[in-house]
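Given below, in the form of structure tokens, are the structures.
Next come two complexes, and both contain chain A; in the first it sits with chain B, in the second with chain C.
What follows is the complex of A and B.
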């Protein structure tokens, strides 16, 4: 296993399209790193540069202490699992898994042992004689993972491996890949657009947007201390609520159009330099609680637009003049569409963002 | 309204059969006439060309085989057709692979030039081919015909194989690259096996062309050692007498392999020609 270091990596496509802009990522040995972001953010391009399937325009890529910018994919000692599995349709499961080893001229007995070991780990021992077309989506994904395992590579690369699976299977495979990571103690780089996958699987998450890295950190770090509006809105489901307003002249109150919120002394000092200036208030749905005694002067105020009963919690969509927010409240809460509600935010966990730069105010 | 519907269905049904009837009359009649004539005597053939045979003359087939030395010509045709098909598929698959899976300068221009070769009438190439083949000392050899037929059919084969290879998902080749495949191994271990359907389609085209060709066989051979089946038929016609019915029997024999090949592979030919035209 090995560490992977990306230093000032940039990828420019013909036509001056910058897909990745000056990316710096350090992936430690045995770490599970997830690159996450919306479509076109550069996450897959970054992964493909690590794999050697895309040329690096600028910067240095190091795997296990060796600069590999000009090393062909086959000599980088990496294995990759593709979004659409990329199994060879003309080969059996066994041959698919053994192919890389055969090409590298491994002894037959060694190939057989490795394929059978991987098949046992992935519970696909009974499928070895089948062709890919006779497999379900989940089974194909297991074979694709098996093809990577048999090689015992330094680094595993996953390119949105679960996005073709149905929701239930995705949850199951998520857990299986995580458990595989612990079992193999391998360095893994995983690309997804699904923040739930990122949160549940990663040791470290790299959030990307428009080719730029927005923030790198552990799941909780990103969740609790987002760097900017994008990360705050991308991580978490339902996403963080944002309400525009301004810091009152005495800096003790956040003044939105529909309501005012008194600030704690800690928050007041944080936004002291924004007196009279517009800011964005961010609060997660679970940090809002219904307050029957609330008023427009101390709680987020609006009328209920939609009530979603999820069993373990209730999602209230609350409409205000300029925004609609979501609050997670206990499932037995009695509330109806059209009710006027007052929601008290947990100010300790609330965030303020600069309206212009969209960076968090710290 | 009801009367209108029944009138409409009758006229549609009648027209449908009229269309089909005319089509089959036009396409199958000469073929049926050929088969029937191949079982007649020469006297019957000249006096009542459109009647059924009074007695079925199976000996016409025996004569056709014995007189014209058809077995030898059959073997020649087989060697030439199989050889040209193999050579054509090998060369065209190399080109199609590079055009479909690699990127290089003037790629589209070069591809279009090659595929435009489909439009060149083969008659127009007769003189250049004759010159090249004689210069290479391949005149009156099976190898001469093999090389010629393989070359003539390159545009259509490249066109068909390019279409098939282009549709192979990029990830499969990338997986092969990561698995350690070299350029040659990507061609031989991944792309060629996945283009099997395209190879079969292109192969059938080349085989049938090589089997049925008369013009180039006439142009490039002069003796029985390289003469093909189609050319053999010409030898039933002589200055003083033409054995029509034996010649027809010989024609039926030469057509049979084409029909058998089509029956075996017809689904692949149709699939090969229409693949990509509709969403699968």
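What follows is the complex of A and C.
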């Protein structure tokens, strides 16, 4: 087990395409780190650089205190689970898992013990004699994970391992990988584009966009205090609502033309320097409550566009002049499409972003 | 409710159609015979009549098949459409084979029955034994050289900077006919003999003399001249092996190689443990295809040495027996033996084609 440190890591592809720009990430021993972002954000490239499958253009990569920039993958003591499983089609499940150990010239009995142990952990003991083509997607996924864990590597790398599974299986495997992490106490780096996977599994999330790291932090930290508009909108489902407006001249009211929201004294002092300037107001769907007694002077005002009943809650899509926002309200709420509603935000949990830089105002 | 199919015709209409078709077929044929004087008109008529009457024939046969009860209709339709092709195949392939088999038990002129004497010749005549040995050389060395070279080039060229250029160069000889290749290589192996005013024009001799050696009559060197001829086939066929194997290698997902790299395999290990097993079905197909090729090889030997100087092969000896010595019995016996040798390879090859998806 080991820590992994990325220092000023940059990847430039031929044709001057910058895939990863000056990434700094510290992955501690036994930590589960998730790299998350939309496709093309550089998360997979980052993972492949850690694996050694991609050359590092600039910067230093350290695994367990040793600089490994020029160390080939086989000598980095890492194991990787690929998006399409990458099982060897001509080998049985057993041989797939044993392959890495055979190459490393482990004694036969040792190989057998490790493969059997891994098979037992992943409950694929009855599949050992099968070829990959005779397995379902979920079983292949387990074999791919098994191939990684038999090696007892310093670092586990996962490249969108669940993206080929159906929704139900994905939830199940998510939990299994999490419990595997606790059981093995291994350092794991996990790439996904799914923020739910990131939130549910990670000790630490690295949000990336266009090759740049947007924010690094624990799931709650990212959820409660996002650095910028992108992170705020990416983490959480349904996403955070954004409303454009300006800070009124007396600095204690947010003015969105159609309605106005009074600011708490703490928020007012935060945006004091934006007096009269445009800002973006952000509030999560669960921080909005229907207020029948609300007015245009103290609540978000709009008309109901869609009502989504989910059983444990109700999602209200509310249309305003130039935005649609979503509010989570109790399921028994009586509303109809077209109703004019007033949604009172929890101003304690409101976020304000600079319209120019899209950075949060702190 | 009627059980008849809506488009089935009245029996009288059908009988009329059959009569019309028969009239068109026979009448056209008779007409053609009387048109010998007008060549252009005859050609045009022959084309129109040929295509038209075949279409008509199929149409009428299909109409008849449609009137049959549901149960036998599908079989009847199959017979109507595939039947003629099967008949032609039988006439063009099976009958000649059977005729060759019969001839192989006959004497030189195809008359008196001499039973197995021709086969005794095939398996005991020194020239035949030499041919068998040589064909074995072609099969073993020719085939393995083609496949191994093709594989090595395919792997080395894969993802290299000038892959397309390399592969085009290797593939180009494929476009040359065996006879054409023979002419080219005749210049390479050319030997003019010794004497005044004689200049060597052979490329190989030029290299040898340039290095201080002595010019050789290469194609006369016993035993080794076989390999000089085999090189020609290797030159021609390596491109084929390379192209097929290269496409198989490219079909292996890159993730597989990466997984092996992470698992700790070096380039050699990846080649032997990942690449080879994944393209094994293709290797076998390519090998058997070239194997069949070298079994029935004829042109190169015919052009280069005519089978002399110990380079004879089975197909060439067959040609000599049939057309030079006019012994159809011995020629047929050779053909039958060649057929029997090729059948298992072909069967294996076909089965391999069918099982292509074995690892997928």
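Criterion: the second predicted complex is superposed on the first by the 362 of 362 C-alpha atoms of A that agree within 3 Å, B and C clash if a C-alpha of one lies under 4 Å from a C-alpha of the other, contacts with A are read in each partner's own complex, and residues count from 1 in each chain.
As a convention for this text, a residue touches a chain if its C-beta (ideal position, glycine included) is under 8 Å from a C-beta of that chain, and two chains touch if they have at least 3 such contacts.
Because the structure is predicted, anything quoted here is derived from the model rather than measured.
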_Side-by-side fit of chain B and chain C on chain A, or clash_ = clash
*If you stack the two complexes on chain A, which partner ends up touching A:323: first (chain B), second (chain C), both, or neither?*
neither
_Per the contact definition in the header, classify A:307: touching chain B only (first), chain C only (second), both, or neither._
neither
*Based on the superposed arrangement, let me know which partner A:133 touches: chain B (first), chain C (second), both, or neither?*
second
*Determine, under the contact definition given at the top, whether A:73 touches first (chain B), second (chain C), both, or neither.*
both
*asked:* Tell me the contact category for A:88 with respect to chain B and chain C: first, second, both or neither.
replied: both
*Considering each complex separately, which residues of chain A are in contact with chain B in the first and with chain C in the second?*
51-53, 72-74, 78-80, 82-84, 86-90, 99-100, 103-104, 147
*Mind listing the chain C positions that touch chain A in their complex?*
253, 255-256, 258-266, 269, 273-274, 277-278, 280, 359-360
*Can you list the chain A residues touching chain C in their complex?*
51-53, 72-74, 78-80, 82-84, 86-91, 99-100, 103-104, 131, 133, 147, 151
*Contact footprint of chain A on chain B as seen in their complex*: 169, 171-172, 174-181, 185, 189-190, 193-194, 196
*asked:* So in the complex, the part of chain A that touches chain B is made up of which residues?
replied: 51-53, 72-74, 78-80, 82-84, 86-90, 99-100, 103-104, 147
